Structures are given as C-alpha cells and as structure tokens.
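All chains are identified by letter, namely A, B, C, D and E, in their written order; residue positions are counted from 1 within each chain.
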Amino acid sequence: MALVDVKGVSKRFGGLTAVSEVDLSVNAGEVHCLIGPNGAGKSTLFKLIVGLYPPTTGSIFFDSVEITAERPYARVQRGMSIKMQAPSVFKELPVRQNIQIALQERLSGAERVAEEERLLALLNLADDGGKLAGALSHGQQQWLEIGMALALRPQLLLLDEPTAGMSPEETYKTGELIKSFNAEGMTVLVVEHDMAFVRQVAQRVTVLHLGKIFARGSLEAILEDQKVAEIYLGKTHAH
Amino acid sequence: MLKLLDGPQTLGRGRIFWSCFLAVLAGALIYPVFADSYDVGNFAYFLIWIFMALGLCLMWGYGGMLSFGQTFFFGIAGYGYGVLAINMGGGTATIAALVLSVVIAMIAAGILGYFMIWGGISGIFFGIVTLSATLVLAFFLGQTAGPEWHIGPARLNGFNGMKGMDPLTVGDFDIEGSALYYVMIALIVIVYIALRMLVNSSVGNVIVATRENPQRAEMLGYDVRKYQLLTFVIGSGLAGLSGALYTSWGQFITPSSIGLPAAAMPIVWVAFSGRNDLTATLVGSFLLLFGFQTITVYSQQAALVLMGVLLLATVMLAPQGFVLGIGKLVVDWWSRRRRRDEGPALADAGRLQSDET
Amino acid sequence: MYSGRLIGMALLGAMLGTAPIGSARAAEPPLKVGLLEDVSGDLAFMGMPKLHGSQLAVEEINKSGGILGRQIELIHLDPQGDNARYQEFGRRLLNRDKVDVLIGGITSASREALRPIVDRTTTPYFYTNQYEGGVCDASMISMGAVPEQQFSTLIPWMVQKFGKKVYVIAADYNFGQISAEWNRKIMKDLGGEVVGEEFIPLGVSQFAQTIQNIQKAKPDWLLTINVGAAQDSFFEQAAAANLNLPMGSSIKIMLGFEHKRFKPPALNNMHATANWFEEIDTPEANDFKKRWHAKFPDELYINDMGYNAYNALYMYKALVEKAKSTKLEDMRKVIASGDACIDAPEGKVCIDPKSQHTSHRMRLISVGPKHEVTVEKDYGTIQPYWLGEIGCDLTKKNDKDQYTPSHLPSKS
Amino acid sequence: MPTDRILEVSGLWAGYGATPILQGVSMQVSRGEIVGVIGRNGVGKSTLMRCLIGLLQSWRGTITFMDQDVTQLEADARARAGFGYIPQGRDVFPQMSVEENLQVGELIGGPDGKKLPELVYQYFPRLKERRRQIAGTMSGGEQQQLAIGRALIGNPSLMILDEPSEGIQPSIVQHICEALKSFRSELGTTIIFVEQNLDTILEIAQRCYIMEKGKITRSLAGEEVNEDNVRAQLLL
Amino acid sequence: MSAELFSVFYQFADVFAFLILSAAGLAIVFGMMGVINMAHGEFIMCGAYVTVGLVNLGVPLPIAQILAALTAGIIGMIVEFLIVRRFYKRPLDSLLATWGLSLIVTQSMLLIVGSAVRGIGTPEGSFAIGGYTFSTYRLVLFGAAVAVLAGLYIIFMKTRFGVVARATMQNAAMAKALGARTGRIYSISFGIGTALAGLCGALYAPTMTLIPTMGATFVVESFVTVVIGGANVLLGTAPAAVFLAIIRMALNASYGQIIGQIGMLFAVILIIRVLPEGLSSVLVRRGR
C-alpha cells in the first residue's frame, strides 16, 4: 500500500515548468530511487512532497491523508523526514547539538544521550561532537544531516543526493546504513546520481526527465531499458 | 535542572566561571556597605534597563529577530504600572501592579508577534513594523494632555508624562535606594539564571536552530513560528519589566521613553556588548550605561560625539561586540594555556558565500 | 540558606544606606548650585543661553562677595533633552553633590520629571521658563511668565486691533493644548470666535495643509504656539505662500528669536507679550545686555529663558540673604511675607506667596517687515494671579499638582 | 605547443570555510582547444570553474592566463583579461530583459563590445526574437543561450561553461553544441567545460580531464575520448 | 470647485515631493547594497547647511543647491570608502556604524557651527487660485521630485552604468564574473544616494529652520517609504510614496496632522503584513 501518493502535481516557476503532471506512489517499506539527469525536477518534487513549495496543481497524500496544504512541520510530525540536496545543518552550532535538536522531541535524559552517542558513532562523527557543524567537510555535513533526518525515526525518509561528495567506501557505508533502517521498516525515497549506490539500495526506481515521469519499475528493468540509458546519458533526440 | 546552567548556548562555564560569577555577586551584595547611597541608587537604576537588554539579546542574538521597538512594550508596561498603581492604591498593591503590567506587555507582544510572525515578516521588515508600533504609541500618548485622557483617577497627561504613582512598596516600606538595589540584584540574578536555563534547554535549542536555519528547523518537525512567538513574548515581557520598574523608580514616565531615540538605545547596548551571549549583554549593557552616564557628566557637549566614536569603533574593531570580543579573547587564552594543542574552531577564514541557486 | 544571607545583607545595606550623612559644615564652604540645561540635542539652541545666563549671574555674584559671604559653585550637567537623564542627573545633583538649590529644565516634561524627585528633598527648585502655568508645588519657584500674564494681555489687544476671529496653531502636547485652552477661555469672555484649532505633532516640519486650512477658515489673526525648530518652519512656509495674517504668540521672538533666525519678512506682523526681549531699551536692560555680550560675544540673542535663568540666581541670593538661611523652609517664610523681590533688568519682580510664581513687567511687542521690534504697549507689572484665584495657596497647603482651566483643584 | 598555451593551472588548492575542495589541481589548455572536465558529483568540478574565473580565491597554487599570472586578480579583472563564464544554473539576471543581460556582458569587450549583439543573435536567433523579454520568464534552454551569449558578447579568449546541458531539451543542447563548435572554428575561442551529458561530451570535447576527489587524476585525448571511457567516468 | 481640486492636487504633490525627495537616496543605498544608512538624515542636513552657507557667500540658490548635492555625494563616497564598505556582508552592523556616525556628525555640527543658523528665505513667489494662495516653491519641489524619479529612471534604465548596477543588485557575483567593477559600482551608488539626500536638504533648506538635528524630521518618513517600497527603488519607492501621500493627505485634511501621522504608520504595518517584502515584490514579476 502506498505511503506517499503524488497525484498530478505540477510546479511552475515563472516561465519554467520544473515538475509537470507527475504521479508517483511510494509503497510502505520500500527503498524507492528517483533518478534522472540534472535538472529533471527531482529536488523540486522532493520539496513539493515535504511542503517547502506549494504545488501549482495536483495533490499529495501521506498515509492516505491529503497533506497538500499542510505546512512542512506538520508533515514531519506525521512521520516524514528529509535530507536536503545541499547540506543544511546548523553551521554555527556544535555537531552534537545538531543531533540533539533532532532527537529531543523523541527522547530525553539518559536515553537521549545514549542515542546521541550511538548516532554519532554510526555517522563516524564520535570525535567531532564538539566541533561546529560548519567546520566539518562536505561529506561529513552530509552524514550529519542524514543523522538528523534519521534521528526523527521517520516512517518515510527522503534523501536528496545523500552521497554527493563522499568516497566510494563512504557511499557504500551510507547505503548499508539506509538498508539497515529499511530493514527495521522505514520507507526511503532517494534521489541519487550514483548508479552503484542505486544498485546497492533500490528496490524500485522512477526515472524523471524534464519534469515528467519517464519510466518506472524494478531496478533491473530500468537498467535494461535502452531509452532510460539514453536520456540519462543525454542521448535521446527523439522528441 | 542545574545542568541547564551550562550549555552550548552560553559562554563561560565550569568552576572558574561560576567562581567569578559568585565573586561578582558577592561584591555586588556588599557594595552598598562601602558605597555612597547615591551610587547604590544609581547602580540600581542601571540595572533597571538591563532586563530590556537581556530580552533583546534573547530575541536578536538567540532568536535572530531584531526588534526595533522594544520600547513599545517598555511603554505599555511603564504606563500600565502607573495606571494600575494609581487605580489599585499604593502599598503592597504596587507589587501586583508590577506583575500585571508585565503580563499586559506580554499579551501585547503575543498579539503583535502573532500578527508579524504568522504573516511571515522577517529581517529588516520585522524591525520596521516594531518601530512603527512604538512610534504610533508615542504619538498617541503625546497628544493625551487633556483631562479627558484618563483611566480611573490616572491621567495620561500627554507629553509631560504620567506621574503620581507610588514606587514599589511592601506594606509601608518603600523599595528605594539600597532596598531597590537588592531587589534589582535579586531580579537580575533570577532572570539571568532563568534565561541561561531557557537557552540551554531543548526550547533554547529550537530557538537557536530557528535563527541558524528556520527551514531546517521546520523540517525537524518544529513549528518554528510558535518558538519565535515564545521568544518574542519573553523578550518583550522583559522590556515590559524594565518599563514598569522604570516608572516605579522615577514615579514618572513620558512618551519620550517610547519614541525614536529611546527605541534605538537597547539595540546599541546589545550590539555593543555582543548579542550572541547573555553574560556579555549583562556585563556590556551595565558598562555602557555607566560609561555613557560618566561621559555625559564629565565631557558635557562632547558626550554624544564620544558615544558615536565608541559605537563606530566597536563595530569596526570588534564586530562580535565589545564585551564578547574581550570575553572570547580571555576564553581562548585560557583554553590555549590549558590545552595547547586543541585549537578552537571558531575562526572561519573569510568564508565566501556560494552564489549559486 | 542562600536567601537568608541575602536578606541579612539587604538589611545591613538598608541600615547603612539610610545612615545620616554629613552633619557639621566647614566655616565657609561654597554654596552649590545644581544646573540642568540641555546644551546638546534638539533644544541646544535654547539651552545654551540658559547656561550662559546662569554662568554670568554666578560670576557677578561671586565677584561681589557671594551669598552670605559664601561663593557659589555652579555644577552643570547636560541632560541632552532626555527626560530619563533629567531624573538621573536630578538625583545625582540632589543626593550625591547635595546641591543647595536646583535650577533648570526646558520643556514642561523635564520639569515634571524633576518635581517628584525634588519633592522628596528639602531643596528648592527654580524653573526658569515661561510655561503653560498651573504648577502648585511648594518646592518649586517659577521665574518665567505664565498664561494669565501673557494671554490676558495679548489676546484682548489682538482682538481689538485685528478682529474677533482667531485660528490657533499649537504644538500637540501639554503646553500647546493648555495654552489653546486659555485662548478659548479668554476669547469666550471677549465674545470672540476660535475659527480653527490645529494641533501639530512635535517634529513635523511641513505645513502646506495647515496653511490651506487657515485660508479656508478665514481668521482675522493667528495664534502661533507651535514649538521647536521643526515647527518653526511654519513661518517661512506661510510667508512663501503669502498667507499674510497678523500673528500673536506667547513664545515667539523673546524665546526662540525667530526674527533673528528667519529671513525677513517671515515674522512680519508678529505680536507677543513678554517680560523680556533683547530689544528692551532701558538703562538697566542695556547695562545687562552689555555685560552679557561682553562675556558671550557670540550670543545670537539673549532670549527670555536665558534672562530668567540669570534672574533666578539673583532671586535665590535675595531669598537666602533675607532668610539668612539656605533652607527651603526659611526661604518660604520670606516668600510668604511677600517680600521676595529683586530689581531685575526688566524692572522690579516679586514672588507671589500663594503660587510661588513671579510677577512680571509685561510689554507687548510687534515685529515689522524688516524684523525690527517695537514696543506697542507697556502693561506694567502683572501678577501671576490665576493659581491663587482657583484656590492654590502654598502658604497653607502643598498641592504638588498642576492645574489647568479644565482641571481645577477639588473643592475640599 | 607550449607557445600556444592559453591557460596553465598548477597545484591549485581551494575550498569553502576550512574544508578543502580542490586539493592540488593542475591542468593546461592550449589556444583553440575544447576541453571537458568530467567526474562524479561533488569532486569539485564546479569549484574548479569558480576558482578559474576568480569567484573563489585559491589558497595555494597559480593560474597563468596568456602568460600573465592572474592568481591574485579578482573575477572582474579576469573577465576583462579575456575570461568568459557561464555558471551552472545559468544565473541570468532574472529581472532584466535579454538585451540588458547582453549589455552587462558588453563590459568585458569595452567599447568594441557594442558591435557584438548582432553576432550573438546570429548564433542564437531565438534571443533576437525575445530581445525585450524579461530573462526570468524564459525557458531553461533560452536562458542557457542567453548566458552563453552574454559571455560571448565580451569576445572572450577563454570560455568556461559549467554544465551547459543541465535540464535542457536535447534539441537545444544540440544547437548549443553546434554554436560552441562554431565559436572555436570561427572566432578562435578556447573552451573549458564541465559536463555530465555523455552526448555533449563526445560531441564537442577534444580532450577530457578526469577529476576525482579534488584532483585531476587522468586525461583523455583524441581516440581516448570515446563512449566507453566517458561512460565509465559518469556512472562509476 | 477647480480651486478645491487644485488644492487637493497641491497637497498631494507636497506630501509626495517630501516623501520622494527624502526617501530616494535611502532607497538607492538600501536597494543596491542592502545597507540601512542611519546617517541619511545627516546627509540631508549637510545638503541644507552647504546650501545656506553658499547662498550667504553670494552664490545663486540653484547653483548652491547643486553644489550642496555634489558635496553630500562626495562626502558619501568618502564615508563609503572609510566605513560602509566593510559592512556589505554585515548589514546590521552597518546600521550601528552609520548610527554612530550620525551621532558624531550631529553633535560636531552643533559644536562647530553652533545651534541655529539664519535661514535664507524661500525664493519664487506665490500665486492665488480661488480663495487660496500657494507658494510657487512648493511646486518647484514637486517638479524636483518628479525630476529625481525621471533622472533615476534614466540613470538606471538607460545608461550602461545603470544596467550594470541593476545586474550587480540582482547577482553581484555573476556581474563581477562578467567584468563589472562591483566595488566601484557600490561606491558610486552610495555617492548617488547621499547626493540625493544632500539634494533633499538643499531643496528644503529655504523652507525650514536649520539646526544640526534637522535630518531627524525626514528620517521616519523616508524609512517607511523605502521599506514598504521594498528593495526595488524604481518600482517600489515611487508607488509607495504615492500610496502614503494619498493616505497622509486624506487623513491630514480630514482629521489633522496627528491622525495623519499615526494613520500613515498604521498603513505601513498593514502593508508589510500583507506584503512581507514590500510593494515591489508584487510589481516585479519574479523570474525563477
């Protein structure tokens, strides 16, 4: 059953149509990857789902409840959580406090401290808890933000390019982390360029191209689809 | 609970800081024994203003909301105290008048804050709306000279100001001079400690997170507007506390305490001191109030020039604020002495903002 | 335990804080005069002559042997036009410097800021401006002229000379509103008509609308009690619009010397009643002006406030010497006897026992097209009678209140 | 060849805050070349471009342009020295018309620049049609043409493009590729570009630098610039 | 009736001129650099004093006014060089710095020049329509306000500098990468802004009392005009001035100046509530 249902959603900015008539449903419990060349509208779609943009047309459902008009915080309280494309951690605050802010609604006291430690260790940031988040490397900031998103224990985790700026090993570890959370029942929707990563985590894939759904299906099917490879590599002229 | 006293949001922690704090407090407590009674009263007078500075520090430094109209709430509570104290009669009722007038200021802040924060007003526009509000109040009160402007027996009395209210009184004992000084010290300590605990608590976490990146904070499930409103109401309540105390101190308040020059003062104090830290604001505001008074007494006409130079020099040489700048120097020096190898990660070398979308 | 110590400390502090201070004085210490005048900020151009007047008087008195053989030490602080600073510095002068007398304040608000503080001491306070009148307070001695001295002379003359219809432009605060009230009262008695009243917020400098309103109302003359540098712009703008109406005022010329600050003929046909203006041509006045300009050669104009400030010190000297004491109580006995008089440059002035306001020699002056000032009429000495009439009698009761025609003492 | 060298970068370090992104980049470009810089996301390609034009000051290393050391020059001085920059996301001035956007570009060319709008319109006739349109209301492809035209109008010796095909209809990408090749053949413009689009790379690049983790690790030249090699870099 | 109609226009023109002339300089500095120049009033004062000084030296008024505006512009550029340019990345600090500057300037003027300076009188004459007489100079002020708007339109829309300046305003880094000397553009813009402040002072000098704190009478009006106008000078400030002038004029005429002033501030609060980024956010069709 679908946890997220995007129905006929479009978004226009001035003369630009970033997302056009998109239908997308993400099933509960799956890891769903959204791929497509740069500028396909993936990040915009994410922002529409979490409520940072109001859609120009269409409606969005979460857990069968319409949330099109809800503010972002209310959607987060319903159980979604996002890591943005560019790392958006609280740069002037220490790493540990970043995690704390994400955790404090769910846990308190010793439990919270324990969870904090666990997350920091999980994110390879155990030694950097006192550093200002802004002083971390790009990749570390990505992790920190993933950690903040995870700290909410969401039903649905949205990750926008989680591995940009990471080494292959780090990317792999990130993938395993996501899989482990998925195994515990978390639904994940990922935007990613890195095909190795997609292979590692994806159960279903949707391809977005020029603001429209281009193809969808299992990873194998998508990878074998010649047309997908072509648009992804910019080869299609068939328009 | 006490753990909240020390936290990432406040500079100065650990035994050394608190020893200094206690030493200063002890010094402040025995000060009247040695000092001239005038100086004690004068110090108490400086302390009156510090609540407004602390409130603005919370709103601006921690919450990222620069209000240019803290005097709006100062005025509401100041006049509120006068009206209530006159209407409720003197004596112990003045204490109730003080509390009520602060509550009224907080209600006003709740209304204005809801109007602004839910309307998505931020940055400089936030400043202009609050400034407009305070100017409207000042203009309005300025033209209430006629006898028809009264609330009960309390006449607003226009530009010449409202007077005739009792000072804070318990029974027959007027809280003035040294007594006022001790009340002020007690209130300052309570407010300072309470604010420290607030900013280091989970609520404080959300307040600073909202300042840093409101979108991210909202994406963690916080309705940031509620936290902003809370910050605004607390900060404004403290401005109100200053206002009510000011009226009680001089048994007098005029619209010029609400107008433009008065409105700029709290910003100057906080910016000078270092808006990012409560301790710096506390110390800096006191020093600045003391300094401005001293300059005015001794340099006569050059006073305003010197104040201008002081401000200009502060922003140009110590952009984080004068006291905070010095405080950080001291802290850095200490930590360098103690752990020579662990460099503080505060210095960000000329970060260039990315201009990409 | 902690709070217990705090209370202990508080009690200790309170006891020490209220301990008696300074009993025996050395033989001839100077008399301390505390002065609060704005010499920076908006009102500096008025405050400066006040400071000068005080300095001149102190220098002269000291040269001639001081008061009761004691020299005067003038302690001046600049409150910068800020009411809170007035209170701060008022306390400083009274409690720390322990001045024998407090003088100063420009706006009524600054005076009202000082009064509650002065009232809790036994120090006399001299207010040296002409003002809207009505303060009935035993601690305060008013040296300036009040409405009954100015309006009850000016308005009948204006009505007689120019007609019964007046338009009032007043600063929108207590002075303006109370003065307008006085005008209404007097006009009613005279059977005149107030065809328009306009209250201008302080700081407003643009008057096109006002000028048009005046033209619409077609008055015979204007009562201009607008205040402050910004509002003074009215005259220039009215002249530019060729409004060309006779004007009367209780504060123009003698106080803000608008005829010196504006290019003629902006102030043409302005009439005012004053106890002092620099153009007074009597031997006493000329002598005074000579001394003043010798000490302050750059003074643009010796205004009424500066003159009153000068007089205040001589009045203080007279009171102390007659009472042979610097105590307010003793000085008030002299006032009560009706014998508190000095020979001022304007003529003889005395303090009225009931209200502690000063009688003045009032003259009606007119400004011509080249801004020359002529005396139209000399009213002789006029008493500040109004407070006494409505029931203020400081020899009997200290009201500590300010009355207006619409706020009279309760009959009790 | 060395005499023909237009750009030489050696040992370049740069980054944001305290984080190094470029960790010793070296590259050389000769006059009239079209050189691609390829690599995965986040390896620092855009940072390198920003560093070349001077919007990001380098920490260490040198940039030599036409035998002049430009490392210390600000972006505007470099632009006047002959750099033309087309950023990722295009960054047209959204509230100004097409014509006005081009006028800003004229700055680089100095007074001579005045002659060039016609040249731009010749390559991008679409822009002429839309001369008066407000740039922010145009489609992505049109904005990209405008951004290139805006750089071209200053008659740059070296054009730096950051992902010119991003989010653009393939037909327009094709048109842009043709235009870029003509700049080289007709105007002698040297071009450096960052790209993820396989077709675009294969179509225009004569050489490619491959970037990994803040460093140039390899270069592909001539026959090496083929589908297999490039695809491997793009998909990992 | 036509006299009444003319008088309504005259009143509107008068308030409009005041708002435009006092706000234009501030708007440019705010719009271009995001800097709130708290010393704006002091540049106005500077223009007024220089005008009066020059007229007293025998310079004809219009020339004195132009020279005064230039002087304010040059001083502005010096101030930009010495102080303001350090704060482009810290706009709130620029507010403090310029406020400090304003304190220094006001009080220094008082100390150096003295408290009050003798006025120079309003030139031109007056004319009568119906039962009213009007000052011709007020219409000159209105003409000047319109001319300032026209001049700004030409500078920013029709000149090369203007195109580059607007580009810098929209995206400074990109403009720089296209060869714009952004530092110089900021400096010139600040100079234009302060020159316009100086012009305001110069134009109003004959009609006002000159004291060192005279700038304060312009400050509130100019700030609210700029803020409700939003960041775009041309598209925001002029309609904001029209809007405020209508409100103020109507309230002044019907209920007196105090309600006019309070009403204007209320209007400001309400407008910002409805349009949190000012009027120009509606008028500019935002791309992207």
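Here, a residue touches a chain if its C-beta (ideal position, glycine included) is under 8 Å from a C-beta of that chain, and two chains touch if they have at least 3 such contacts.
Just so it is clear, the structure is predicted and the values come from calculations on it, not from any experiment.
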By label, the chains that touch subunit C as well as subunit E are B
Pair of chains joined by more contacts [C-beta pairs], D-E or B-E:
B-E
Using C-alpha centroids, which chain lies at the maximum separation from subunit A?
C
CA centroids of subunit C and subunit D: separation to the nearest Å works out as 76
Could you give the separation in Å between the centres of subunit A and subunit D, each centre being the mean of its C-alpha atoms?
30
Calculate how many whole Å lie between the centre of subunit B and the centre of subunit C, each centre taken as the average of the chain's C-alpha atoms.
36
Centroid distance [mean C-alpha coordinates] between subunit D and subunit B, Å:
52
If a residue has to touch 2 or more other chains to count, which residues of subunit C qualify?
40-41, 172, 199, 201
At which residue positions does subunit B touch at least two other chains?
139, 143, 301, 303-304, 345, 348, 355, 357
By the touch rule stated above, which residues of subunit E touch at least two different other chains?
107, 110, 171, 173-174, 216, 258, 261, 285-288
For a test of understanding, state which residues of subunit D touch subunit E in their complex under the given definition.
53-55, 74-76, 79-80, 83, 85, 87, 91-96, 100-101, 103-108, 134-138, 150-151, 154
Would you pull the subunit C residues touching subunit B in the complex into a rising list?
6, 9-10, 12-14, 16-18, 21, 39-41, 76-78, 80, 82-85, 87-89, 91-92, 95-96, 107-109, 112-113, 115-117, 172-174, 177-178, 199, 201-202, 402, 404, 406-407
For subunit D, which residues count as touching subunit A in their complex?
16-19, 21, 40-43, 94, 136-140, 163, 165-171, 173-174, 196-200, 213, 231, 234-236
So in the complex, which bits of subunit E are touching subunit D?
160, 163-164, 166-167, 170-171, 173-182, 232, 284-288
Which bits of subunit E are touching subunit B when the two form their complex?
36, 83, 86-87, 89-93, 96-97, 99-108, 110-111, 171-174, 216, 219-220, 223-224, 227, 258, 261-262, 265-266, 268-269, 272-274, 276-278, 288
